[in-house]
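Structures for review follow.
Across the two complexes that follow, subunit A remains constant while its partner is subunit B and subsequently subunit C.
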Partner chain A sequence: MLPSGVIFKKYSGEEAYLVTRPQKLVFALFIVALFLFPMVSSTYLLGTVSFMFITMIAVLGLQITVGMAGQINLGQSAFVGVGAYVTAAMAVNYELPFYVAIPIGGLAAGLTSILFGLPAARIKGFYLALTTVAAQVMFPLAISRLPRSWFGGPNGMSMPSMELFGYEIWGQQGIYLINLCFLIVFATLTFNLQRSRTGRAFIAIRENDVVAPVMGINLVKYKILAFFAGAVFAGISGGLYAYYVTYVTAEQFTLWLSVIYLGMLLIGGMTSPLGAIFGVIIITLLQETTHDIGGFLSDRISFLDESVIFPATNIVLGAVIIAVLIFEPNGMVRRWRIAKAAYRIWPKPHG
Partner chain B sequence: MVELIQSLASGVLLGLLYGIVALSFVVIFRASRVVNLAQGEVVMIGAFLAWMASSSFGLPLYLAVPAALVMAACFGLMIERFVFRPLTGQPIFSIVMASIGLIILLRGATMVIWGPSTRPFPQVFPLGAVEVGPILLNTTLLIGGVITIACAEGLNWFFMRTDAGLRLAAVAEDHTTALSMGISVRKSAIIAWVLGTTLATMAAIIMLSGSVLGVTAAEIGFRALPVALLGGLESVRGAVIAGVIVGMAEALASTYLDPLTNGALSQIFPFILIILVLLIRPQGLFGWKILERI
Partner chain C sequence: MSNIVLSAKNLRLTFGAITAVDDISLHVKKGQISAVIGPNGAGKSSLLNCLSGFYKPSSGMVEFEGEDITNLAPFRRAERGMARTFQGNQTYQSMTVRENILSGFHNQMSSGLLGGLLYWGRVQKENAHFINLAEEIIEFLELEQLRNTIVGELGYGLRKRIDLGRALGLNPKILIMDEPMAGMNTEEKGDLARFILDIRDARNIPVILVEHDMEVVMDISDEVTVIDWGKVISSGAPDAVRNDPKVISAYLGGDVA
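Entry: the complex of A and B
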């Protein structure tokens, strides 16, 4: 739904995400506002938003594998873990700067995922969930059994702080800006992937993986590519996570976290990268508010305490995921589009 | 030699436990084509229901077990009514995704209702071991294994020989065709969920009898999912056979390979085995080979 008077002369124009000048202006202002955000925000809020950016990169990767290519992935947090550990090893053992260590972590996660994506050559549908669960089970076992000099064994690894051009980046502000830069790069990649040849191949496989090869799409290649791309995103997210929490252990990357990532994607809307971003925002808001409400109630009502409030968040989260699937299977992204269209044609709703 | 037979025998008994959980995946899949990823959480809820029947209500065991099974059946009805019935007609992919929501919901609900602490589970089956020559067999798992095989044979008869079971098969094949032939898809889904949750509760009782109950009981779900996939999601007997295969592989790996790898391989080996088998037979050992048409 576009404002009247917009005429496309080329297909590339129709593909564009930002068409009119006001749209571009508002988007540019939004990006500038994101960069200026640390100046007005409290440290706690900044930390939360910063962590949200890290999660967004992992969920954007999941959107490529699950949403775009339709391959179920229950092991995303294992790939995040691989990224975190390899980044940590690069930063600690080889003293590489973060802008080298994090991409190496991403690549390592991607290569690991190829190992688990290979069975996709023969196995179809939900049978593929098996290999991703296998990745999730193997990850902590492998990490704790590998030589201690590589990944610190069962003790985990402590991270050095980030350094850029000889200056140490410290405090929430610096980390926020680094995370924001990574998020912008990887969000752009996802949005562009969706309208590229590869992205269209992914979508064809998602819609019908019998028809796709008939149309000349190399099924095995693109399935593995979808796993690879999703895991690279996870690895990058893991690298940033390692610097953010400053300490990595294998227990941080559980099957439970993979499930939560999927839930975020479902609530936002699987079929659009915007859905991944919305999902992370909505779930983070949900968790923060239930914690606040829980904290407020537990001060006043005696039988409510921490052991009730945290699981209560999960009840709300699970119920919201199921409700979204029942009432709005396309996720919150569709609601957002409806709201946008309604705003544009207001006050004459019938055009 | 005795060591080999002993580890194989324990493996078979453990495998039969995987088998009954895998069976609960299969019965739900056969009638609704939904892989319920939350099956582990269903096992956990079943365990808590059984604990509640015997400890909170103070029922004697011969009443507590049937009471738990009845409550589990009601629980299955609730899941079907409030989660999966509204999703009828949606693509299978989003229905399976609903089970992701169910995982999070059921974990949270268990923690709120019963709390995170562990508790002793009642002793349903006798403790100890049965001696067969030089080999010792765990009594609980032995009785459990017999129950598993009995359940599998009963369900196999139900799915292959009875009218209602064949209807379920028709529904699994195609909802629209089944509807046009006068078969109620809704009734099939109800039967599937009731069977699935009661079987899961039975599995929970076998697994936890005389042991400790906590939220970690749910982990059996993702251990048994590969077993169900190995057997083929459509095959009732296949689930039990695959359970035995995986159990033996795990036992052998833990006896002979774990000393070499510091105890990691017994958990990974079943996955490697299953992936290798699926590369040769992608539909599982006894699954249906479905012809796909455009």
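Entry: the complex of A and C
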């Protein structure tokens, strides 16, 4: 639903996401606020938000593969891992700067995903989910068996710090700003894709993969393209992650993480890039809160130690995902749209 | 140059022991509406699916504009200008009406993944250009009020119309329609019949349709082919077919006179 009084003079105007001047203004202020956030935030909070940005890029990628194109992917964290490792190798072995190493990592993850996306040409649903799990299983095995000089073998790799124009980007503040810039770029790309020819082809495949080829869409090509695009995002996220944690090992990229990514997308809403962003925020808040409450409880109640608290937080997480699937299968994005429409027709609801 | 657009030559399609299409030949001429009719299970839909590439015929040939397209995948046929509509609800439910129709223009657009991600000036212009073309179809099908409505919220008859619009987006040289009238009320049937006639006359697109509603078929088509048990039992102008004793016996039962 459009804000009141908006009239388009050209059909192309309807493609814009921000139409009115107040919308543009608020959005610009929001971006500026994000850039100024490090000045007021505590280091811990800044680190958490910074990490959220990294996760968002991976989940935005998942939104392309799973949300737009409807190709289930349970191996996203393996592609994040490929990105992280290749970025690390580029930064350590070839001493490339981060703005070259990270895109190479993204591309490497994209190319890897083609291998696991190929089965999508023939299978779908559960079967496709299993082949993407294969990526997840093979990743740590491959990393630990490849030559030590490439990816450090089972020991992992230690990252240098980021450098820009000869200055070292130091501390949580610098990393936050870099992550924010990457997020803005990749979020914009995802929103763009959605309204483009390729995005429409992806959605067509998700909605009806029997009809789509009759409308001239090359199913195999577009399914692989969806995997590729999603995994490039994952790879970029992985590269940023490598610089963020300063040390990469294969154990960081688990099936569990892939499932969490998918859970984030489900809660936020699969059908919109906004869903990916909402989902990451909601799950991160939830994780932080349950973690805090868990810590609080384990300090006071003797039998609640770490071995109980960690599984308990995951149970809460699982319960929330199930609750959302039951009560709002379209995710928070739908709630957001309803709220927006309600605001626009207030105080005189009509229709 | 002959005026035959699409032809099936001695098509045969078998599923195990069952022969769904048995040595069928038919020709669709330029500027004509051809109908395929027949009792339930006669093999009409199987024939259509051979034409649009869902089934690979066991033997025989499909020719489109004089070229053999028997082994082409459906999306390759779409590239050459073959469009079809479907039985039942086969629109993209979560897209708006306009997006559905816009998706039909896929092959005429050229921007790729990178262009879509960056959405720079050229891609924006291309999008705007094709939105204008989609709007022409929206106007033709009288869907102006609904252009931004999600298709999943619309009724059956309207969805069929959107399905038709999407096929028109391909700018086709032939339109294949699988039971376009099924499940519609009289008014919707009237509208759709008018659109089909307009597609032939104003847009110069030949149509081949499978239909059960005899009244409609006899009213709008230029040529009718009747099939039963996978074989052509009669073909020709509607009036000739209507009075063919073989057709009457296929529909009403009894001995062939």
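Operating definition for what follows: the second predicted complex is superposed on the first by the 348 of 351 C-alpha atoms of A that agree within 3 Å, B and C clash if a C-alpha of one lies under 4 Å from a C-alpha of the other, contacts with A are read in each partner's own complex, and residues count from 1 in each chain.
Everything that follows uses one rule, which is that a residue touches a chain if its C-beta (ideal position, glycine included) is under 8 Å from a C-beta of that chain, and two chains touch if they have at least 3 such contacts.
Predicted model only: the values in this text are computed from it and were never measured.
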| request: Applying the touch criterion given at the start, work out whether A:214 contacts subunit B, subunit C, both or neither, answering first, second, both or neither. | output: both
| said: Between subunit B and subunit C, whom does A:329 touch in the aligned arrangement: first, second, both, or neither? | reply: first
| request: Could you look at A:271 and tell me whether it touches subunit B, subunit C, both or neither (first, second, both, neither)? | output: second
| task | Answer with first, second, both or neither: which of subunit B and subunit C does A:255 touch in the superposed model? | result | first
| request: Answer with first, second, both or neither: which of subunit B and subunit C does A:12 touch in the superposed model? | output: second
| query | Should A:315 be classified as contacting the first partner (subunit B), the second (subunit C), both, or neither? | reply | first
| request: Check the residue A:131 against both partner chains and state whether it touches subunit B (first), subunit C (second), both, or neither. | output: first
| query | Should A:197 be classified as contacting the first partner (subunit B), the second (subunit C), both, or neither? | reply | second
| message | Between subunit B and subunit C, which one contacts more residues of subunit A in the superposed model? | response | B
| Which partner does A:72 contact after superposing on A: first (subunit B), second (subunit C), both, neither? | first
| query | Just which bits of subunit A does subunit B share with subunit C as contact spots? | reply | 208, 210-211, 214
| request: Mind listing the subunit A positions that touch subunit C in their complex? | output: 10-12, 14-15, 189-190, 192-193, 195-201, 203-204, 207-208, 210-211, 213-219, 225, 228-229, 271
| Can you list the subunit B residues touching subunit A in their complex? | 35, 37, 83, 86-87, 90, 93-98, 100-112, 115-116, 222, 225-226, 229, 233, 261-262, 264, 267-268, 271, 274-275, 278-279, 282-284, 292-294
| query | Quick one: in the complex, what on subunit C touches subunit A? | reply | 52-53, 73-75, 77-79, 83-84, 86, 90-95, 99, 102-104, 106-107, 109, 111-113, 115-119, 123-124, 126-128, 131-132, 135, 148, 166-167, 169-170
| Which of the residues in subunit A come into contact with subunit B in the complex? | 70, 72, 74, 119, 121-124, 126-127, 129-131, 133-134, 137-138, 141-142, 144-145, 208, 210-211, 214, 255-256, 259-260, 262-263, 266, 270, 307-308, 310-322, 325-326, 329
